[in-house]
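Both complexes shown next keep subunit A, but they swap its partner, so subunit B is in the first and subunit C is in the second.
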Partner chain A sequence: MSAGTQVHANLTEEQVREISGDLDEPEWLLETRLEALEALDSLDMPDVIKTPGREWTNLYELDFESLVDPLNAAENKDQVGPDEANVLSWADAVQEHEELLKEHFGSIVDPQENYLTALSTALFSTGTVIYVPEGVDAEDVAIRTEQNSRSLFNYTLVVTEESSSVTILERQSTGEEAEEQYYSGVVEVAAGENSYVQYGSLQNLSEEAYNFTVKRGVTDTYATIDWIEGNLGTQLTKTEVSTELRGDSSETQIVGAFYGHNDQHFDLDAKVWHRAEHTTADLITRGVIDDISRSVYEGVQDVGADAWDTSSYQRENTLMLSDESEADASPQLIINNHDTEASHSATVGQIDAEDLFYMTSRGVDPRSARNMLVEGFFVPVLEEIDVDELRDDLEELIGARLRQRD
Partner chain B sequence: MSSDQDHLKETDTEARFEFKKEENSAVRSGKGLTEEVIRMISDDKDEPDWMLERRLRALEQYQNMPMPSDWPGMPDLSELDVEEIIPYIRPDVDKREGVDDWTELPDDIKDTFDKLGIPEAEKNALSGVGAQYESEVVYQNMQEQWEEKGVIFCNMDKAVQDHPELVKEHFMTTCVPPSDNKFAALHGAVWSGGSFVYVPEDVTVEMPVQAYFRMNSEGMGQFEHTLIIAEEGSEVHYIEGCSAPKYGTHNLHSGGVEVFVGEDAHVQYSTVQNWSKNTFNLNTKRAICEENGTMEWVSGSMGSKVTMLYPCTILKGRGSTDTHITIALAGEGQDIDTGAKVYHNAPETSSTIESKSIAKDGGRTNYRGLVHIADGAENSSTAVECDALMFDNESTSDTMPYMEIEESKVDVAHEATVGKIGDEDIFYLQSRGLDDDDAKKMIVAGFIEPITEELPIEYAVELNRLIELEMEGSLG
Partner chain C sequence: MARLELSNLHAEVAEGDEKILEGVDLEVESGEIHALMGPNGSGKSTTAKVIAGHPAYEVTEGEVLLHLEDEEFGEDIEIDEDQRTWNLLDLEPNERAALGIFLGFQYPAEIEGVTMTNFLRTALNAKIEEREELFEDEDGDEAEEEEDEGFESSPMEGPADEGEVGVAEFQGILQEKMEQLEMDEKFAQRYLNAGFSGGEKKQNEVLQAAILEPSIAVLDEIDSGLDIDRLQDVSNGINALRDEQGTGILQITHYQRILDYVEPDHVHVMLDGQIAKSGGPELAEKLEDKGYDWVREDVYGTA
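Showing the complex of A and B:
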């Protein structure tokens, strides 16, 4: 089915012009937005995995446009960082760094990649631009977004110059809850030569919300991008976290943790494209699903023909706490260069009965024993998180969710 | 190797597969697919009406189904033109159902199979042999001791005539219905030949049963159907081998295999596929396992231009077990897209999938597999292991597993590795006096050993020899 059958009942060119005008955007940005709006008719939903007779995530049943209320976006945002780095709101960035935006905006995530990226490009009204000049080490950049409207379209751009580094912690939550809400985020990261980007993200939106997010980075020579991705909120999440290793000897790590309960549905993609020599990738995701929730994991390690001397590893583990939950996983290897060391593994299972027995035999009550084992299950992922604040928050949220359980 | 297998040493395997024969046929259908062609095939076989009806229904389904196109990384089928394929050629054999004495075969056919090492293999280690030339089974023989126990091993066309009840019940009904996929529908319309194996309750056929399929004519399609019914507590091992000489135009092989594994029964199905490198090999193979039944698939895919084959097991009965062992070797111009499908539909079922693939000279291998554990299939377990070896930078090696887990009391593990041949391993072997080529051959032989171990010795020898031939001159 093509998205072209949908009628844009509440989407107009005027709205897009108004959003762009309010932000005082230059003509070229408005054009990009209008082109994205026009392309909606011909674009498909993001790819989801299909197997005989099943579609792992059904995005077509959702009428995204009925969730969209473009002119009434409301949020509560913090954008803070050290003085050496430039942490700017989108409106400020448009005024102060137009050349930077011109160079990078839409260069990593194609605005017309699919229907939802185009929708996001046409309608985003808020965003953050983080620019780290050469040689600067910027820690503790924090972006906090609290959604207070029916829909919110957010855009983030990170540009690091040569030999700089930055650690970013992004959080999404819901302030005023509404029956159905839609959060859409596009994140582009351009990591310059020998720079280091750590981008942590904790999504804890309302469980009524829908979420579509693409986070994608491109590395220059010797650059590193480390992603940390925590997913706890929403009723439906479709995300991609990915890195294109374009510079020789560049590296990436994607660390993911999720905990689904009730009827939550997480469709999480982790992807790496090795496109240069001596590149390294490490993908680690662990998740728990409970009640009637469902997780879909797609991991892709794609090694191009010119990616000599590649190392690429992927692990995914899912723990099922309930019999009614479902875990789908597809870790994929696409290898076009033989000078590669690549592996992946995926497991699905429940809490080990022997472990549980051991702990109860030591006098721990079954409920605490189970909670300790689930917390222990996340440890290998938590250990990979360098940002203390994010790790503590994630641990706490996992603990809280476990304690809600009987 | 014992002296029994000397014939294998003497036969030059390459010559065995490369020779062509002048085509000498009695009946030959036109190209393409029309109702007339289907009626002609059915009429030539003197089939009962119900079979003709099934064929026509399958034809209709075939015509209404689109070509698969939305699979990620799907092999290129654009050069396959089913309308240009000759679906049916009956070789000129006096007796319609084939012969059961080797000497009665026409010389040219006998000569072909002699070159392939059949039926020497039968004399040595097999309990039954069937050989199919073009669309028809030309030779079928079962050793008497098994016949006495009620084992049936015959040509599928003959089974339609002689065992209509069994065939009517099992033929493309619950296991592989024509609606399963476009090529299953095509198969249902034009199928010809193949084997029918029936093993009664508690009978163990100790020696493997073998069938050999050969396409000799240019631009033809082979659509043999294999139906195996293993009753409660029985045991059988079926082996098939396939080959064809290479012509300019494309051949199509679209076989159908259905296996019914009864309670406590054990079926092993082994394939050594060496179709010529202009063959499109698009098969549907499926087994249904009852309580405590065991299904084992062993597949070696060396030949063909494109192979799309995912043997499937439906673990229907409690405690049933599935094993898949797959080896794929893709060289220049080859796309071997193969894997496994397992549906765990009952408690305490287990499956093990082991896949080994080798890509070289620009070939592509892909493991594409699906493991589905249904809600309620408690205490089931599955372990999938894929290893791939790459020889050069022109080749591609993909791994695309899909896991759908609806049950929490399970143990699911998937692992895959891809790597090049280790320089250290080669250096070690060279330091022991082996040259580069021999060192690589030895490493490959070690890599696929888990597969060859599962095959009777003459097949293991043949597989090794085939792989050696594929490797020769290509290393560097």
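Showing the complex of A and C:
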């Protein structure tokens, strides 16, 4: 199958020039965008899980021609952070940090990696650049994006210098709802030597929306990138959260939580590439699906030939609350260096009838018992979240969705 | 006073038609201790689960009745004449719990992410609330009026949410009961049975009974796998239930050992899904000496 969508039929070079021009971008950025636009023709959709006789997520079915409205992007955005760090809008970053952008933009997520990254690169009109100078500890960087248009293409770059740290909380929601909306986000994180990045994100877009997001980081020596990703909104989400452990002794953690109901569809990838010595990765995802929702999880731990003394762990658990929901999980371990300690597991199950009986026999009504079990199911993931605000918000959204049930 | 009455109880596994109970007759009253003994597969655990309402079993014949006297649940709850007898088989497990039935599990569930404190306070409040609903006066809700005072919980202890027993008050109750059972207070913040040793789980079952104050407690092999110290703690807890709360105990056991610490008023032997023989404490001792074949021989005239 090739990229058979006709989106480029109504996309023009002029539109891309207008977006870039409005942002006052230098020539090299415009060129990158135009090349991405041109490449659309030859690019495929991102890979999705296939099980015999079934392709779980069919991105080709999306009607991009009607979803994408490049010149009418509208949003409500907050970008705040402490004074010591630079938290800039894309337009400001273009003016103040061109060299930084030149060095990092597109260096971690290849703009032409697939059809959707290229589309995002060609059309993004908003974004955030977070630059943390050497030795600075920046807490409470918050980015809030409220989508008010049919489509919104967003870009985020995080660069941390040596021995700095930053805690980022990103949230996406929908302001003005439309029947169908498309949100696209590309996030690149370059974690400098001995720096620490925690990047939390909470996606709570309208349940009519489609969402495509790639978040990828690269670590220098002794650097750590911790990702937390909560997915509650959209009718279809395709995301990847990943880290390339490029520096010796670097670490990453990828924590995920999702809760699908109605006819929501989540296709979630967590990936780590061990490309240096003494690196550690911990992938933990838990999700609930209900009604006729579906989830597909693919987790990859790839240990390269030079990755001596690797530690790599992966766990994924999906809890189905209804008989009609469907889940598939594929944890993969690719080991090319045998000096590796690794584990991977995935489970898909339902609420345990014995657990439920234990609780109801003590007087708890079945509904409360089930809710307690579901909330308890998320606890191992919630416990990994350092940012109180993110944990509380996630807990609250999970609780609210549970109480919505009869 | 309360009385649990099983009469001619027949039950089978819900999926399949394997008969397990074939006419059980048994009565347990408040303040009494009954030991229910018998070989593996005789139907003891099934009896316990059917009393509590386990969904895996289907009752095909007979009754499980609970008879209550007025003031079984204190002065606040008035039990009308026509609300004194309940057919438990018509009720959900949580409704049975609200009426004072407690099942101590042979294999308590391990529940990750739910703390003991949170679970037990929820259970206690749910029980009180359900009880009010079951005995609700048709003319109006009397229980409602006195509810508004109660404890306010401090902001440090989580949300001051609904429920008759507030967080602070509950902490007090829990602490007191844990001290009585010589349980480490750190258990309160641990997840329900998760990572508990076998003995700790059993002790935790007795603790939960102490807090929920049942009228009738069915304890399914609460003594299995306990070392002698813990057996004594658990036995003290069971005796306290009977002595302080007047709970009627139906103790299912394989072993004579616990009966040295929890002396039964009545001993029943179960064989092939029926109560084959009943007697006093001496029956247990005789079983210890002679085994179940002796009962079989005695009852059926064949071994």
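In this text, the second predicted complex is superposed on the first by the 403 of 406 C-alpha atoms of A that agree within 3 Å, B and C clash if a C-alpha of one lies under 4 Å from a C-alpha of the other, contacts with A are read in each partner's own complex, and residues count from 1 in each chain.
What we mean here is this: contacts are C-beta pairs under 8 Å (C-beta built on N, C-alpha and C of every residue); 3 or more make two chains touch, one makes a residue touch a chain.
It should be emphasised that the depicted structure is a prediction, and the values quoted were computed from it without experimental measurement.
Aligning the shared subunit A places subunit B and subunit C next to each other free of steric conflict. By the touch criterion defined above, A:Lys50 lies against subunit B but remains apart from subunit C after alignment on the C-alpha atoms of chain A. Looking at the superposition, the partner that touches the larger set of subunit A residues, subunit B or subunit C, turns out to be B. By the touch criterion defined above, A:Glu375 reaches subunit C but does not reach subunit B.
By the touch criterion defined above, A:Ala39 lies against neither subunit B nor subunit C after alignment on the C-alpha atoms of chain A.
Of the two partner chains, subunit C is the only one that A:Met359 touches; subunit B does not reach it. Of the two partner chains, neither subunit B nor subunit C is touched by A:Val159. In the superposed pair of complexes, A:Val136 makes contact with neither subunit B nor subunit C. Judged by the touch definition given at the top, the superposed model places A:Ser322 against subunit B, while subunit C stays out of reach. For the pair subunit B and subunit C, the minimum alpha-carbon spacing after aligning on chain A is 11 Å. Put simply, subunit A touches subunit C in their complex at residues 352-355, 357-366, 368-369, 372-373, 375-380. Taken together, the subunit A residues at the contact with subunit B in this complex read 49-52, 54, 305, 318, 320-350. The touching residues of subunit B, counted against subunit A in their complex, run 70, 73, 359, 370, 372, 375, 388, 390-420. On the side of subunit C, the complex with subunit A involves touching residues 52-56, 92-94, 96-98, 102-103, 105, 108-109, 111-114, 118-120, 122-124, 126-127, 130, 191, 208, 212.
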